[in-house]
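Several structures are given next for inspection.
Presented sequentially are two complexes of chain A, the first with chain B as partner and the second with chain C.
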Partner chain A sequence: MENTKSYWQENLRLIFICLIIWFVVSFGFGLLLVEPLNEFRLGGYKLGFWFAQQGSIYTFVGLIFWYTKKMNELDKKHNVEES
Partner chain B sequence: MDELRLYTWIAVGGTFGLYFFIAWWARAGSTSEFYAAGGGITPLQNGMAIGADWMSAASFISMAGLIAFLGYGGSVFLMGWTGGYVLLALCLAPYMRKHGKFTVPEFIGDRFYSKTARIVAVVCLIIASITYIIGQMKGVGVAFSRFLEVPYDTGLYIGMAVVFVYATLGGMKGITYTQIAQYVVLITAYTIPAIFISLQLTGNPIPQLGLGSTLADGSGVYLLDKLDMVVSDLGFKEYTTSSLGSVEMFAYTMSLMIGTAGLPHVIMRFFTVPSVKAARQSAGYALVFIALLYTVAPAVGAMARFNLMNTIEPAAGQNLDYAERPQWFKDWERTGLLAFEDKNGDGKIQYTADNETNEMVKVDRDIMVLANPSIANLPNWVIALVAAGGLAAALSTAAGLLLAISSAISHDLMKGVLMPDMSEKNELAASRIVMTISILFAGYLGLNPPGFAAGTVALAFGLAASSIFPALMMGIFSKKMSSKAAIAGMCAGLGCTMLYVFQHKGIMFIPGTSFLGGMEPNWFLGISPNAFGSVGAVINFAVAFLVLKATGPAPVNIQNMVDNFRSPHGKIAAAHDH
Partner chain C sequence: MNKHTKIAIFVAPFLLLGGYIASDYYLESLAKTDKVFKLEPEGHCDVFNKKCVLTTGEMKVSIEQNQQNTVINTTYPIDEAILFVVNSEQDVTPYPMTMKQTPYYWQSETQLAEKLANKSDNVKLRIIVKYQGDQYIAQFYSQTIR
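Coming up: the complex of A and B.
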């Protein structure tokens, strides 16, 4: 029971971290902070525009794989892997 | 027959033949194969199938066109339609897979221990899926009529017949393997023209990099800077900064994200993999396959806009003579999707943002992807490939939606509520019959598109975002969430969203019945009806927690069930020994 509880707590922590990054790259960099970021450039891209149309999507992909990897470790650590 | 039509028939005929072959090879023998492909799909395969399922005629044909004309404002679709997968992978898919049932309404019914909740979910699912499917059927009809010059209805009948064969024969199993093939067809058809055009314009074969590169004309000017300059010279908003307004963009992106995570035909695909681990993984693979198209789309949009402007006005003040317009211009004029009116009588084409002097009186956004290869003078086989790709996108999404509808009716309504003692064999027969009826109904709607077809995206995403997504989130993350509270929340979220959409766009989109008018000044906080699903979701959460406070928590056995699906450990109620 204790084990299940701490497993769930750690999972929630991971989800929370991921969702903050998810929010920052899309709603943060891509929308709310787009104007100041557009002052910087990435080649021909204005940086804010790049986050909105490219960068956020790459980050989303990275996030899911990172979470999956972390969860596989967590499953092992708490011995709750599928049989 | 000219060369282009010959190539198009070969591409379309060849891919259809392939789909038929796969359908025959992967036909389903049991309900578990029919609904969930026997739970034996690998994450990589599932990711590809989700990609095809997800990327509809709207993603393939319309999205780049929208971006071409909205510029930065088009980012809502790019972030909205990909960001939802993060929510799916982290918050929904693993737990719903662990619970191990076939359909989304079934999960909601179990978690909220209520047949009413299950029926509310079925209703949401059917409305969302049907509004979505009309667009796919129209896409099939348009693709056939434009590329193969067969009448619109004939094209639609061919499309219906193809879906009928592989969807009823194979169910989820047949659909999954066909979708894998369709993904390959659609991504090839999307990226090949993009690579060609990127090479032509910037010398860089990777469209994602080409969009950020300098032009290949030796001027050393960045493509996006040049595009900004060209469009703002003509009075249009600057491409890279044209916003829809920050509140609107925020609400719209959020609605699309949570709507994506709540669309049942996507969630359902996660029931096809063998384990919780595989469910997490397949969301990752799915997003990789989706991102392949979604990161190319901004390049396609910007480059199409660039080529269009350049064709009409190769250099400032040197406008194209109407008499010398290229062949693609004539082709699209015939369809009525492109129209020119010589307002100042000089025989040249002026394309400006000013309604008084603008002579391109109609440029339909949907033609950008389809016309793109011909605008860039690409070879005929590339154009033929685009036709096959558009059809693959429309058919694969239609099949996934049909499966979601038929399983909701045969599994949730008939087996789950009306006739619990129906045998597996009868259920399988019932789901095939329901699917046949759904195909005929969808075809009928494609032939006689109801007046509200244009507003349907708002409705489908609004419904999923305001009703299904919050219910699933609360079911998983709040152990105490009770049946009464969840149903009250779903009805409140759904009701407010529908009311808002209808009051601005008309009841069931009938013109003249919008009691507050569609005018922007009446919008709540300036949020358009399309973007209102996120507000509906907030209402759903708020109402549910208030009712929960007032009426008390869910029973202990339900709380234990939640504990059980939160952990991958223990017996997975596998979809195949249901």
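Coming up: the complex of A and C.
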């Protein structure tokens, strides 16, 4: 029971981290901080614009793989990995 | 593909859609707030000789004297325009303008023709133009150059 609770707590922590990153790159970089970020350029594009158009989506895809990796590690730690 | 990858790939599009919808609401709420833009003269301003254009972005306001009437012409169909004449004691006389056939042209009878009739005469002016809740404001000088 304690093991299950710990697994779930760590799972929630990972989800929470993912949601914070999701919010920061989409809302934060793409909208709230778009003007200061536009002072910098990435590949010829203003950075704030780039985050709104592409950067946030790349980050979301990256988050999928990061979450999977961390969850697989968590499964191993709690001996519940898929056979 | 294990279960975590499947869950992450399944959830990601919903977060993406949620992000777009939330962004849309946020930008819509921003757009509803009224804004103030500062108009700047394009070069020298000479209302008496019909050479005075104020601009900011796509909004241009041309001001000219037509006998006793001061007439403004804008690039957008504005809702209201008020011209202020400031004298040397900094007293301000407002001239609310009335629409002249279309909302692109507004006019008001003013004393500018007398104040600017001679070469080198100059007057301090202010203008407020309202368009779709936004205000376009300027303080500038008109000087007669010929």
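Going forward, the second predicted complex is superposed on the first by the 81 of 83 C-alpha atoms of A that agree within 3 Å, B and C clash if a C-alpha of one lies under 4 Å from a C-alpha of the other, contacts with A are read in each partner's own complex, and residues count from 1 in each chain.
Quick note on the criterion: a residue touches a chain if its C-beta (ideal position, glycine included) is under 8 Å from a C-beta of that chain, and two chains touch if they have at least 3 such contacts.
Bear in mind the structure is a predicted one, so any value in this text is a computation, not a measurement.
More residues of chain A are in touch with B than with the other of chain B and chain C. Residue contacts after overlaying the shared chain place A:26 against chain B and chain C alike. Legend: residue contacts after superposition of the two complexes on their common chain; A:6 is shown touching neither chain B nor chain C.
When the two structures are aligned on the shared chain, A:72 is found in touch with chain B and with chain C. The residues of chain A shared by its contacts with chain B and with chain C are 19, 22, 26-27, 30-31, 56-57, 60-61, 63-64, 67-68, 71-72, 75, 82. If you check the complex, the residues on chain C that touch chain A are 2-5, 8-9, 12, 15-16, 19, 22-23, 26-27. Listed in rising order, the residues of chain B touching chain A in the complex are 67, 72, 74-75, 78-79, 82-83, 85-86, 89-91, 94, 208-209, 211-214, 222-225, 240-241, 243, 246, 249-250, 253-254, 275-277, 280-281, 283-284, 287-288, 291, 294-295, 298, 563, 566-572. The touching residues of chain A, counted against chain C in their complex, run 19, 22, 26-27, 30-31, 56-57, 60-61, 63-64, 67-68, 71-72, 75, 82.
Of all residues in chain A, only 4, 7-8, 11, 15, 18-19, 22, 26-27, 30-32, 34-35, 38, 42-46, 49-50, 52-54, 56-58, 60-61, 63-65, 67-68, 71-72, 75, 79-83 touch chain B in the complex they form.
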